[in-house]
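Let me begin by presenting the structure, written as structure tokens, before commenting on it.
We call the chains A, B and C, going by the order they appear; numbering starts again at 1 in every chain.
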Amino acid sequence: MLFALWYKEWLKTKWTLVAIGAINLLVAAGVYLDLANTMKTVEANVVLMNVVFKEYLYYVDIKYIPALSGLIYAVMQFTPELSQSRLKLTLHLPAPEQKILATTQLIGALELAAIFAIDYLILAATTLAFFPVEVFDSMTVTVAPWFFAGFAAYFVTAAAFVEISWTRRVVIALTGYALVDALFLGVSFNAGNDAFAHAWWAAALVVSATFLLLFVSGFHYKRGIV
Amino acid sequence: METVVEAIDLTHYYGKKLVYENLNFKIKKGSIFGLLGKNGTGKTTTINILNGYLRPKSGRCLMLGEDSYNLSPDTKSRVGFLIEGHIQYQFMNVVQIEKFYRRFYPRWKRAPYFELMSKMAISESQQISKMSCGQRSQVALGLILAQDPDLLILDDYSMGLDAGYRRLFLDYLDEYARSEGKTIFVTSHIIQDLEDFLDDCVIMGYNEVLVDMPLKEFRETFKRYDFEHDASPETPLKKSDVLLNYEWLKTRGVVYSFAERAAVEKALAESGAKPRNVREVPMSLEDAFIGVTGKY
Amino acid sequence: MILRRLGKTVLAALVVLFAAAALPDIYWELFYTPPKEPRAFYSPTVNDFAIIKGGVDGTLYYTPDEDGFDGDWFEEAVPFLTYRQLVSEGKLPDTLHGVAMDPKAIRDNNFTFAVKPRYVRKELIPLFPLFESQSGRVRLDMPEDYCRIADRVEFVHAARNEVIEEKSVKFTEALAEAGFAFPGKRTFGNFNTRKPFDAGVFAVDADDKVFHIIQAKGEPIVADLKIPDDLTPVYIATREMELREFYGILVGEDSRVFMISYDDYKLIELPLEGFNWRTDELSMRGDILFRTVNIIKKDEVSAFAIDRDYELIDAYSEPMETKYDRASGTVAEALFPFQIRFLTANDPYVGFHARLSGPIALILMTLSAVVAFFVYRKRGAPMKYAAPGIALAFLTGVFGLIVVAAIPDFE
């Protein structure tokens, strides 16, 4: 079942995945190129000064990319399922419904995770190439909620798409928007580095919990509860 | 005779709008059952309840002995389901979609699927999204047949199909049902194709069941009587158990009834219609369907 | 089944959480006007506090005893702020309190310090430039390396991104010799070149002792401030001034505030009352005659006038209107049983801040429960399913009502 569902998702979303992957790669590579260029034209100690004391986030370009990726992926994954009630086919497959939904969503999350992992590796390599490890620590804490936002956007969009009642769909979408928005919180213009230094685990927990929303929507869909 | 599907006192509303009340029917194993009715009479609603996609306001439905609201994976694997419009995963091609479904069904039979595909002029790499409606219907049918289900549920199989494809579709189904003793449940609003196909039928009106009997019995007992009259253009007729449906034209009238001519003549006379020359007129299935459901 | 139940709980919790964050936010966006915050300056001409309170509808000038003054009065009451204007108008007194008024002397003696909860809480990336304090040049140069004080002192060459071993060892040994306990905690200093000279950094060690570290001609000079055992430093602000009277101020865990005297590192406690660094902002303004400290709390501003021997001269406080003293605050309390914020002005980090409303909220809470009751009755839900929803509507008021309205609770 796992393989078959993965096969189906792959056939459905491969081009989406390629496009999202390309955007992510371009932006992440852009972060490297920008910084490499800056390091050539500005003295390293001045750049570091700005990083440490002025919250110069050389990686800020990536900020909304994961959330956007999650949103697009969910739309591309679930639009074909929901147009013409195609999800009915999927839920008629001889397997437990929740298992089908969980697997479908897990496949999406893993594919996104793979893309985000590449992003992060590029950011990590870029940071460690130019800066001491303290900057790497700070970068990790700063970008973590941005990547969480990618998963949150994905899970919430999926749940909002599958939901059949417009009232609930709006409630889920607004709540999801508030959650994603909160993951970009920070005191300064750039959201402030390390804003989630003490709360990243709570953010991770809340975002993980949104994985479960699809089961509620899926149940409503399956049973026609308007 | 073993019962495969049983609807017990189904009642459903959309908001405050009643779809039907206390709908009851049984589908016998090995039979071909038609749920007929005009658009909006609740055919798809019934299919959705049957497959567990809708919970009726009251009543319940048994599918292969299981409550349709909670079908087990095993039961689902024994039910082939054609969604209205022959919907399938349009991002797959003929080969891919077979590869996908194959893994879910223990009794999967590739032969009937590829046999059907080979008759179509499409390449293996053609995506379903680029197929014609008729071609899509063949893919959907082939997949259901390959699944080798005990019960086929076909929601408006005729939608969007021209006469040739409709005939092809039914021929396959007929052969399948007769040779393997499978049960088929179809809904349709195109009636004429089903004349020699159905064993049993239920004809739905708005909010009520109009007919529930073997098709043969329906064809034999449901009659049309034409007559002439001199009465006013205003009809004196009222619907009753005998005068199931009627048309009142300027100089003549038409009555549909399950009753014999004598009873119909009596009912007409009692209403003061003064009919002349009451005679039975033969009908096609479609005529009979319209006779039951009315033109509007 | 269990996943769906959990999912429903998660959805309900998220709706309540974010409604409790967003709805009050929208409400305050519409109905909040910031209160007028007074600032008090100890005036050498009035010999009392000169207080300014500004807002959108005009600025008030007053003293603790008398109000109704105007801007011209204020300008002359705070000559150390306005001396350049006064000089140009020829209004600067020759002497004040027996001290000759010379614009250069005034300028050299002026300074400010600010301590805000979020400054104390903010932990910067633990790297800093250690300036060369005796380069022999007039201007300070940014060093090419960055310093970290972890398990030892390390200097990382910024361009090469490599540890400079020799220098690291030299400084580690110097710190160890002075009694510094590794690993270091936080380091404070003025990390910019826009200052007349460099007075090094103050590093807090593993035992919460404070050390002064200067680099002079490439060599480390390390001094233990020998702060008292009962003092745990949480924040140090430094200021390099030609005056060379102090290095800066130090705030303790217990909210005591000290000046760090120049050269001898003597800690002089400021005679303040009621300061709490966790919630209050402190702003200190020093001039040629006095040091005035304003402590801004949520509901009160207090001011302390201190002479240059750090003896208290005068103190003043006035209550400040909070948003809950106003009608809009009462309405907010009535509307929302609680309000949640993830960010506050006092913390640079995202966290969970909940504020419970007073008993007035009970009205709408009860009403919400009643509405929920009727919603469930209309849906024909059995009590078993309705009870949790009604309880939620009572406990969380309008927030819970959204959940009740949006999520069907029985099947």
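Assume contacts are C-beta pairs under 8 Å (C-beta built on N, C-alpha and C of every residue); 3 or more make two chains touch, one makes a residue touch a chain.
The structure presented is a predicted model; accordingly, all values stated were derived computationally and were not measured.
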Chain whose averaged C-alpha position falls nearest the assembly-wide average = A
Winner on contact count, chain pair A-C
At the largest C-alpha centroid distance from chain C we find chain B
CA centroids of chain B and chain C: separation to the nearest Å works out as 75
Taking each chain's centre as the mean of its CA atoms, chain A sits from chain B at a distance in Å of 47
If you average the Cα atoms of chain A and of chain C to get two centres, how far apart are those centres in Å?
-> 34
Mind pulling the chain C residues that touch 2 or more other chains?
-> 411
Which parts of chain A, given as residue numbers and ranges, touch two or more other chains?
-> 223, 225
Among all residues of chain B, those touching at least two other chains are 55
Provide the residue numbers of chain A that touch chain B in the complex, in ascending order.
-> 1, 3-4, 7-8, 11-12, 80, 84-86, 88-89, 91-96, 222-225
Inside the complex, what are the residues of chain A that reach chain C?
-> 43-49, 51-53, 98, 102, 129-132, 134-135, 137-138, 167-168, 171-172, 174-175, 178-179, 182, 185-187, 192-199, 202-203, 206, 209-210, 212-216, 218-220, 223, 225
Touch list for chain B against partner chain A, complex | 48, 51-55, 69, 73-74, 76-77, 79, 81, 83, 85, 87-92, 96, 99-105
Contact residues on chain C for chain A in the complex?
-> 1, 3-4, 6-8, 10-11, 13-15, 18-19, 21-22, 118, 123-129, 142-146, 148, 156, 158-159, 161, 191-192, 342-343, 348-352, 402, 405-408, 411
